[in-house]
Each structure stands twice: as C-alpha cells, then as structure tokens.
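In the two complexes below, chain A is the common chain; its partner is chain B in one and chain C in the other.
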Partner chain A sequence: MNSIDFSVILLTIQLALITTLLLLVLGGPIAWWLSRSQNRLKPAVEAITTLPLVLPPTVLGFYFLVVFNPHTPLGSFIVFLTGESLTFSFQGLVVASIIYSMPFMVQPLKIAFDKLDQGILESARVLGANPWVCLYRIVIPSCIRGIVSAMVLTFAHTVGEFGVVLMIGGNIPGKTRVISIAIYEHVETLNYESAHMLALGLIVFSFLTLLVVYAMNREPTVRLT
Partner chain B sequence: MLSLNIKLKRSDFELSIDTSLDLNTPTAILGANGSGKTTLLRTIAGLERTSGKIKFNDTVWIDTDNGINVSTRRRAIGYLTQKPLLFPHMDVESNLRFAEYVSQQRTLTGTAISTDEILKTFDLLPLRNKKTFEISGGELSRTALAQTLLSRPTLLLLDEPLASIDVNRKKDLIPYLENYLQQNQLPMLYVTHDISEVARFCPQSIVLDNGSVVSFGDSSNVIQTLAQDSIFESTDVSTLLKVKFVKYDSTYQIVTFNLGSDKIFVPTIKQDRFPSQVYLRIRNLDVGLARTRPSDVSIRNVISGTISAIQNDPLTPYTDIQLTCQNEQQLHSRITRKACEELQLMVGQEVFALIKSVSLEL
Partner chain C sequence: MLDSGLQLLLICVVLVFSITINAKPLTIAVATNFLTTMEELSERFSSDKDADLTIVSGSSGQLVAQIRAGAPFDVLFSADQKRVDALVELNLAELNSRFTYANGELAFYLNPKNSKDLSAQEVFENLSCDSIIIANPKVAPYGQAAKDVINQIKSEDGLEESVVLAENVNQAFSTTHTGNVDCGFVAFSAILAKSTDKQFFYKIPHEYYSPIKQDAVILKSSKSPKLSQKFFDFVQSQEAKDLIREHGYLVD
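Moving on to the complex of A and B:
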C-alpha cells in the first residue's frame, strides 16, 4: 500500500468521525422530538429526515451544487464567512454527509427513545431531577445501546458514501479523496491490487461494524432467580 | 392546606374540583373506577395540563389566570404510582442514591434522611445490589417508597400503593409506611379501594364521583354515607368505629379501647406504640345482636346501642340492621331474617352488638 492510501484512510476516518459527532448533537434533539411530540408536523419532519435513505445520492449532490456553489448568494456568503466554498472542500463533505447520514442517526435514536418508558421520566421529574440530570443520569444510560448503534451505523455509512462525495467533493487528495473514491479511481486505472486492499478492508470493517451493532442489540439474558 | 380549584377536560371525562383540604391528617381519596382519582393526583403533581388554581400551604403551584405554573420537579411532591417504577438501569441502592443526590442539589424543607439510614430502616440492605427485575413486587414498592421519601417531599401522593402487591406480601410495605408516618408529620393523599387501609391510615376521606368531590370529612362519617359496593372491592359493608386507646396487655397481647363507656378488645401481635385514637373496621357480617347483655360467652366485645334502621328484603334470607352506639357512632349488622323475627327487633329498641375480638385487627 502506498502512502497516498494512508492519507485516504485517515481522511475518511476524519470525515466519518466529525460527521458522527455533529450528527449526534443535531440528530439527538430531532429524534427526541420525533419520539415524544404529538405535533402535526411530526410526519413531515420524519419523512424529511428519512428522505436521504431513499433518494439517489446524485439528487442530494446536484442540489448541493446548485445551492452552495460560490455564484449563488448563499454560496458566496459562505465564501465570505469562511474564505472557502462548500463545494469541492472537506467542510462541504461534512455538511453533505450530515444530511446524507441523517436517517442512520435519527432512526435508531428514535427507536431507543420510543422504548423509554414515559413513567420513568415522570418519576425522575417528581423526584426533582432537572432536565440536564434526567438526560445524563436517566436517558443516556437507559438508551446507551441505541445511542452507540446509531453512532456506529452513522460512522459506517459515512465511510461507505460515494455518490455525494464524487459530485460535490471531486477527487482532491488530502481534501476530498476518501476510500470509496480511491477505490473507484484504482479500478479506473486498472490498479486492481490497491483497489483490492481498500475494498477488502472496507468489507471487513463494515462486517465488524454490523456485528457489533447486532450483538449489542440482542436482548440481554434475564436471569430468573 | 391544599386548595384546589381546577377544571380539566378530556374527551370522555371532566375533572372539576373546587375545594380546600386540611391535610393535617392523612386523607383517603375514595371513588369508583374512572371517578378521577388518579387524574387528580397527577394534576396535583403537575403531570396533567389543567386550568385553574392549586395552592399548597403558602405556595401557589398553578394559577393559569396569572400565568403561574410551578413545574413538577419544583413542587417537592412524593408520588407513588399504582405500579411503582424504579430506574431499570440502576440497582436498588443506586436508585436510592439518585433520589438523595437530586435532593441535595436543591433547597428543600421536607425531612432529610440519608440513603444509609433508609436502607436500614426499610430493611433494604440485603437487596441493595439487586437489579430491579430481581426483586419482588412488594420489595419494589418498598424501594420506591424509600426513594420517594429520600426526595424530601412535603406532600405524599399514594395511588393504591398496595394494589399491585400480593395480599400476603402487604407486610412488605405497610409497616414501613406506618412507622414513617408515626415519626414524621407528612401530609398524605391516599387513593384506595380497600376500607381496611382507610381504617389504618386515613382519619379523613374525600369521595370523588365523576370528576367531582361528593363528600369530604371524617372517614367514619364519610364511609357511613357511601354506597360501598361501587367503591370498595369487598362485598360486605363495613363501618369505621372511632375508639380511644386505653391499655395494652402484653401477657395476652390484647389492646383495650374505649367507645364511650363500652370496651373493645383487639388482639394484636404488634408491640409498638399505639396512637391515642384509632379507627376499627367492623364488617357487618361479624356483628351479632342480643336483646339482653349476655354473659358466659366467648365473645368479648359487647357494645350497647339503639336500632336506628332495619332493612328487610323478603327476597333474601338476610336483614340489615343499623345501630347507633355511644358518641353517635354507627354500626351495621347483618343477621338472618329469621333471627330478626324471632328476636322481634324494632327501630328504637336497645340492643347489644356482639363482635368477636378475633375478627378485628389493627
């Protein structure tokens, strides 16, 4: 494996990690609201957050380019703010990945929050716990398996993303060249050996990831004493 | 003092209460299923949206006209639901420590106790490291009560705390609650369908019907006027006699009470302090009648009274008789129609009610 491939792997992990952490902060409240609210906008919000699951990545990529390219008002405003365009940049990949991986964070979290008994939360409130204490002493420990599997799935899905990156990130080494793009290029240039290494690595990684998720979501064995 | 002036509408139900309850003594909330008992407790706890005003002592908890709504966690309420919940990801001790931790974060006026103390007094030490699914229903209720008390409540709301417990496991909870209440003055609202719990815990009662308070006062008077079959699970009719403690005879394990000048003897295995005044639950099936004061009988309790009503249903073999005893207290007796005829019982007659001591409990 040559040195370029290491930077590819590093960049991919960086992207997936940042996306996962930002999505946790962003998707957590959305999932909580979806799980608890009776608001009539709920189905619409749920549909929007799930949309990336069913749309081809090209649709997202296309509109991303349309909205964020430096010639649009929004795009030029972002260039004015950060000095860099969101298109063909690492930051742009992060923003797109957040949208693209949204359902993989929100759905498992929502399922975990749904399982949380309302009575448990009421009981914590009656005991006098403030929302912050409820969150880190009751909600997070109770839903920890759902939270971890949401994070693992988001991470893995971001690692495996291809279409969006290709459309909005291009193939800039050290900036937007992630594993999936590198594999594509190795195949294009008939460099099968390098393609194999990355592809097999990705298969093993993804398998292990899913194994962790499913092993964790198995019901615990309840001992009857 | 708890002042309630609340209106709460549901699609099929309306709770409408305007009353002030003096909560110096524990108060039972009685009423048929669906009469709004649980909704009332949840509203007081701030878990149901309502309009109106709730004031506890000098603190306004909700006043929708003036935009005041104190959140549940700031009301310092102890609320035990019908099926008490513990936090499933914590063991018994952590559940208690959590409540203690939360109460230490705040300024509270309720009685402070420590987890270590309550682990001892509630006999929870053997359970401290158990998971919540490893303990019995009675033990879970006891832990939940301990947890509630650790949160230093100023008002205790109990919603049928014994309903989810096996009959013969009630000793897992009752004595602990009783001891705590004896040692600490804590206003309590107690929802129940069991008249013996009213006799035991609650000198006063309120009765809800269809979302409104229909009766409030001294438990023995309130129960007197009730259609008991719709409110209590038992099929017999009971009265609560208010009696005064006289003495405890440890040789025979008998407590003597006074009802006016009549004496009532109650066997007990409890040896702790007795309150100066208690309610005895007397079932109508356990009361026999005699026209002259009998001697040489095993029945110890002979209470004088005047027949105030006779209810005779020729379709059944029974006759229900109501007596007025000393201090204007009422007593019900069910005898057979034949016995009633042979004794020639009439309203206004002086009779003696015979109650087997062993049918009474404290």
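Moving on to the complex of A and C:
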C-alpha cells in the first residue's frame, strides 16, 4: 500500500473519531431531553435531528456552501476568527459530519434513555445524589449498550460519508480526501488495484462494526425454571 | 471519569485545529484532462525547488465553483479561457499572471472491447454507436467541444437519448475504456497516456472544432504568490513545454 492511501485512512479515522466524540457531548443532552421532555416542541426537535437521515447529502452540502462561503458575513467572520474558511477544510468536514451523523447518535441514545427506569433515578435523587453522580452511577452503566452502539454507528457512518464531503471538502490530499473520495478517484483514474484495497477494507470494517453492534444488542436469554 | 471525558474533548478540539500543512505548500487546481501531465510537471518542479505541491483535479467548472466558495487553491489550470475570464472579472484571480499553457485536442474513442469491425473513424463519421459519453458540457470545456462536434454531425435527431454525461473528461475516458459505454469523446492526451491501439481512436479534425485553449492563472487568495509565480515560470520554460507537447498538447 502506498503512503498516500495510508494518510487517507488516517485522515478518515481522525474525522470519524472527532465527529463521534463531539457528537456524544452534543447529542447526549439532546437525546436525554427528547426522552424525558413533554414539551410541545419535542416532535419538531426530533424531526430536525432526524432530517439528515432522509435528506440527500446535496441539500446539506448546498446550504453549507451558501452559509459558510467566505464571502458571506458568517463565513468571513469564521475566517477572521480561525484564519481559515470552513469550506474545503478539515474543520468544515467535522462541522458537516456532526450535522450529517446526528441521527445515528441521537436515535440509539434516545431509545436507551427511554428504557431507563425512572424510579431508580428518582430514588437516587431523593437519597441526595447530585445529577453528575446519577449520570455516572446510574445512567451510563444502565445505558452502556445504547451509548456504545450510538458511538459505533456514528463512527461507521462518518467513515462512509461521501456526498457531503465531496461537495464541501472537494478532494484535497491530506485535508479532505477521505477513503470514500479516494475510492471514487481511483475508479475514475482506472486505478482498480488501489480502489479494491480501500473498498474491500471498508466492507470488512463495516461488517465487523455492525456485527459488534448486533452481537451487543442481543438480549440475553433468561430462563425461568 | 468526568476529567477524562473533558480531556478527550480537549484533545479532539486540539486535533481539529492542529491539522495544518507545514513546509512550503502550493495547492494546484487542475482540469482533469491535464492531471497526468501536471503530476509530471510538479514532480520535476519540486525536485529542485523543495516545494510541497498538492494537486487537486476536477472539471474546470467544478474547480471554479469551489474557488468561488473559498477553496484554498493557489493556482488554477483551467481547460478553457472563459472561466479564467470570469475569475478575473470577479476579482478572484491575478490578471497579469494568466497565460495559455496548452491547446488541447479532442479524440473519439471506441470501447476496445467492442465487437464492431469498423474503425473509430468510421464509427465517428456516422456516430453509429448505442451509447456515447461526453463530459458534462456545463462544467467541462472538453464536453462543450464534444457537444459542438456532435451537433455538426447529427443535427438534433434524437441523439440526446444516447448521450451519457460524465462529470469530467477523465471519467468519459475511463467509462469508455472499461466498456461501460460504446464510445466517448475524450482528451487526446488520455489516449496517448494509455497507448491505445490506432483502430480504437480517431483524432478529431480541426474543421469540426478549434483546439481548446487552456489558461492558467494565480488566484488572489493564494498564500504563496511568489512560489506560484516560480511555478508559472517553470511551466513556461522550454523543458516544461516539451513535456506538455509529449503528452499530446499543442503548445504555442
């Protein structure tokens, strides 16, 4: 394998890892709110967080380019702050991936939070446990499967992103050329050997990822004798 | 545990903002027809200039759209003059830096796996194939030239149904080469690069179209205009001109 492909893999993992961690911090509270709140706005918020699942990547890509174009007020403000535009940069890919992979983090988390026994939480509160203790002693241990599936799915989905990255990242080696883009370019330039290596690698990786998720989510069989 | 969570978050924030390219970088946006030539040019340039050249390719239209949306390129090697004009007009490119680096030629390419006994020239003269691929004329100058040629041979009689649009001219080549379409309009340089058998391609005579003037320009947003100019000087040197000619282009 040549060194260019290695940097492509590294960049993809970096993007997926950063996206997953930031989404966990961002999506966790959203999922919690969706699971607990009776607010009238709840269906709207849930719909918004699920939108990226049904919209074509071109929609997100288009509006991303419109909003973060360095010639717009917001775009030029970001250039002023960070010295670099969000369009066609790695940072931009992180922001777009967070939006695009949002449902893959929020939905599994919400389902896990829904199953949480409200009574245990209330007892803990009554016994004087503060919210942080509740989070680390009760919520995380009881929802660990849901949290891990959410993270694994988010990671895998970000690795598999193509349309958004192509639109807002272009194909810049070392900055925005991730695995899916590299495969596309190898196919176009008839470099089938390199395309095979990356594509087969991605199939194996994705299969293993899903295998882990499904094996983990299998309910333990309980026998009453 | 909270601390380690915060640490992770901090680490990834640092990771996000630490990805910058060091050394003397130059990002070259190049129309796909010229990609392989550009790779050789940049190799020769960087070997004695110690520069870190990054090449990004796409159709000219796609690259210009990316430049307008803030893509961090230093120079553009377009496959036409029209789009360079537009960039200059928008004050995104340096007018003084522009020059014509090559004149591209169009070729008709017959899928090498086809079962026809006809030569590429015979098929071309009647456009007698079930599917023809051209680069999308809206974004690719080679596609526009191909469309003009097609219109001269067959003036609007349902040919559009058999025309497939590729994203750029290299995709038109690779799709024909792999036999997914019967024939395609490609850059002559691509034919040379794959040393294609004579019966499978036909260099389209200039009476059908005029060779495609391809201009290069330094972008106003370039962070290393000096290095860009050095590279431009190199591309206009005799050594570079000979190399461009070897790759199937006409050079003034």
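Observations
We adopt the following convention: the second predicted complex is superposed on the first by the 220 of 225 C-alpha atoms of A that agree within 3 Å, B and C clash if a C-alpha of one lies under 4 Å from a C-alpha of the other, contacts with A are read in each partner's own complex, and residues count from 1 in each chain.
FYI, contacts are C-beta pairs under 8 Å (C-beta built on N, C-alpha and C of every residue); 3 or more make two chains touch, one makes a residue touch a chain.
Everything numeric here is computed off the predicted structure, so don't read it as measured data.
In this overlay on chain A, chain B fits alongside chain C without clashing.
When the two complexes are overlaid on their common chain A, residue A:117 makes contact with chain B while staying clear of chain C. In the superposition on chain A, contact of A:71 is made with chain C only, not with chain B. In the superposition on chain A, A:88 makes contact with chain C only, not with chain B. Of the two partner chains, chain B is the only one that A:142 touches; chain C does not reach it.
In the superposed model, A:125 lies in contact with chain B only, and not with chain C. When the shared chain is aligned, chain C comes close enough to touch A:18, but chain B does not. In the superposed model, A:206 makes contact with neither chain B nor chain C. Seen from the CA centre of chain A, the centres of chain B and chain C span an angle of about 170°, rounded to a multiple of 10.
Set side by side, chain B and chain C differ in how many residues of chain A they touch, and the one touching more is C. When the shared chain is aligned, no partner comes close enough to touch A:7: not chain B, not chain C.
Residue contacts after overlaying the shared chain place A:133 against chain B, while chain C stays out of touching range. Remark: least CA distance from chain B to chain C after fitting both complexes onto chain A is 16 Å. Annotation: chain A has no residue touching chain B in one complex and chain C in the other. The touching residues of chain B, counted against chain A in their complex, run 45, 47, 71-74, 76-79, 81, 85, 87-90, 98-99, 102-103, 105-106, 108, 133-134, 147-148, 151.
Of all residues in chain A, those touching chain C in their complex are 14, 17-18, 21-22, 25, 65, 68-71, 75, 79, 82, 84-85, 87-91, 94, 132, 136, 170-175, 187-190.
Residue ranges on chain A touching chain B, taken from their complex, read 117, 119-120, 122-130, 133, 137-138, 141-142, 222-223, 225. Per the touch definition, chain C reaches chain A in the complex via residues 1-2, 5, 8-9, 12, 15-17, 19, 21, 27, 35, 54-58, 66, 68-72, 168, 170-171, 174, 177-178.
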